[in-house]
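Take a look at these structures.
One chain, subunit A, appears in both complexes that follow, with subunit B as partner in the first and subunit C in the second.
Our next item is the complex of A and B:
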């Protein structure tokens, strides 16, 4: 009898709809988001070759209040993808990785929260403090 | 109603264990890539990922968390950073690793969702062209960057040239 598909008691399947799946969905969405940001980011940085005025004007958009929250969202995506990526690496290479994959996901979420609290506080303080 | 899972083949009833060989035809791909390429790509995703954590976190730290943070970013700031070969090399490595890692990740996703051969071909062609353009552009920007711009008379442009330019030209 294979038990690969469903866990006993009808609690869904081993993978579908549980921590493993949601962390994968999150990793995939953040990966795509960061990829498209990076395409735009290299384009905006390349304006330093057009003229200082062009670069300063476009990069000025990053200093708009709405963008400040956009940056917090972007960094939130990066930090989740980075920490969860390290978890994936540990699941793959560390002997005990598969046993503790859920514990590590909770660790990822806690570390993410702490990092983002610190980052957001500093980013907002700089933003409202300057100018 | 209870389902016995030993004989279920439909994906709606669950996901097969890897390598069970019982794959829903929907997920079968003609001409899948073969040989060691997928293995190399798999290792690359992990190695580049680990390196990118350091590269990107330091990038965000230097640009957003220290000094004036987001307010300091302008032409002179970039000039100041790229005057240092360490940051040139840093950004170059970050550019290549992030783009290759991201492109390979996007390739995986296209392979997962695009079921028609022609759709996959199109999407992947567009992906590779876009990535190549960005990698080449980003590389050229780092190497051809000119921090001390002058006007036609050879004087430093006021207001945009970073401090260290004064004293270099004229």
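Our next item is the complex of A and C:
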């Protein structure tokens, strides 16, 4: 029953939110991520009007093997954002939505996993198939 | 019927005297309490203090705080009044989640690790676990948390059917502890947001059939700092010590604003 320790300048802890909070964090990160991808993508696509050669050079970069994983990541982000976006719409407009938000999140994660397994398999096959 | 039995000692007292170890029967254990302290008169920054205490299976986090304050360090500062989950004074962040210290039993927490206790987030900390609640109550006042009825007062009560009463029953249970509002990530970054507690208390009158100011409250909450700030993280519903379905109440107010303006 004694004071055992005193740590100066201690920072606060992270709030321990549950499914609802982390799904929102994921939704915002993927939303902002997609936004920046589209921003860059609109810019590189518009290059075609400036100089077709420069366009080809930039778009050619997408063929780099590293981009395979970038593309899988991008599709993963979009698929999560889209499925979870539908979940948020149900939470907002379906009367029982707030009571089943966790169940709906698990459904989103299962759908995400299935979609991504199918997409990644096909995407890697096309890439390593040589085309 | 018989006067003889009146003379007897109550059975419970006899039992206690015979067993003689009533208090000893409650198991005791050691816990480490780790509190985030702040005192602008002592240091610029916050710091963490740790104490190891011997507590009992019936003790709550509030009892551990009392033990420190009364027996070890009188400067430890926190609010509490009823100590029984009804006044709403002692919302704090226990092991990273907003809880009432008086409703959180130590034995329900993982006592193998230090139990962390911090002030609730999003409101200015004044000292240790005490925050300035004024911004919270300011939002509460703005939603007009009182019955507005323009018809002449009846001689008896204003009657209401059980169904009409049931409509807002959940939101009558609020004790204004701020556990919900200070668990909201939107409120942490935007202190202007009305926050869940204000919306819960608006809900309590908006859906009361005896009240006439529902439209005014909906107008207040249709503000850019009103219900539309809600991102449905459900932190508020998880934090509410009264078990109010806070996110559901907010959703109902959102829907009411939409259907009203149609």
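Please note the rule applied: the second predicted complex is superposed on the first by the 114 of 131 C-alpha atoms of A that agree within 3 Å, B and C clash if a C-alpha of one lies under 4 Å from a C-alpha of the other, contacts with A are read in each partner's own complex, and residues count from 1 in each chain.
Assume a contact is a pair of C-beta atoms (placed from the backbone, for glycine too) under 8 Å apart; a residue touches a chain by one contact, two chains touch by 3 or more.
Here the structure is a predicted model, which means the values were calculated and not measured.
Chemist: Answer with first, second, both or neither: which of subunit B and subunit C does A:70 touch in the superposed model?
Modeler: Touch status of A:70: no partner.
Chemist: Could you look at A:19 and tell me whether it touches subunit B, subunit C, both or neither (first, second, both, neither)?
Modeler: second
Chemist: Would you check which partner chain A:46 touches, where first means subunit B only, second means subunit C only, and both and neither mean what they say?
Modeler: first
Chemist: Figure out whether A:31 sits in contact with subunit B (first) or subunit C (second), or with both, or with neither.
Modeler: First partner only, subunit B.
Chemist: Now for A:82: first (subunit B), second (subunit C), both, or neither, which partner does it touch?
Modeler: Only subunit B is touched by A:82; subunit C is not.
Chemist: Residues of subunit A touched: more by subunit B or subunit C?
Modeler: Between subunit B and subunit C, the winner on subunit A residue contacts is B.
Chemist: For A:92, is the partner it touches subunit B (first), subunit C (second), both, or none of the two (neither)?
Modeler: both
Chemist: So subunit A touches subunit B in one structure and subunit C in the other; where do those two contact lists coincide?
Modeler: In subunit A, positions 1-6, 10, 13-16, 88, 92-93 sit in both the subunit B and subunit C interfaces.
Chemist: For a test of understanding, state which residues of subunit B touch subunit A in their complex under the given definition.
Modeler: 2-3, 5-6, 8, 13-17, 20, 46, 49-50, 52-53, 56-57, 60, 64-65, 68-71, 73-76, 78-79, 95, 98-99, 102-103, 105-106, 109, 130, 134, 137-138, 140-141, 144-145, 149, 157, 160
Chemist: If you look only at subunit A, which of its residues touch subunit C in the complex?
Modeler: Touching subunit C from subunit A are residues 1-10, 12-21, 24, 88, 91-93, 97-99, 101.
Chemist: For the complex, give me every residue of subunit C touching subunit A.
Modeler: 32, 36, 43, 45-54, 67, 71-73, 93, 95-97, 116, 118, 121, 183, 185, 231-235, 237-238, 245, 247-248, 251, 254-255
Chemist: Could you list, by residue number, the parts of subunit A that touch subunit B in their complex?
Modeler: On the subunit A side, the touching residues are 1-6, 10, 13-16, 28, 31-32, 34-35, 38-39, 42-43, 45-46, 48-49, 52-53, 55-56, 59, 62-63, 68, 71, 75, 78, 82, 85-86, 88-89, 92-93, 119, 122-123, 126-127, 130-131.
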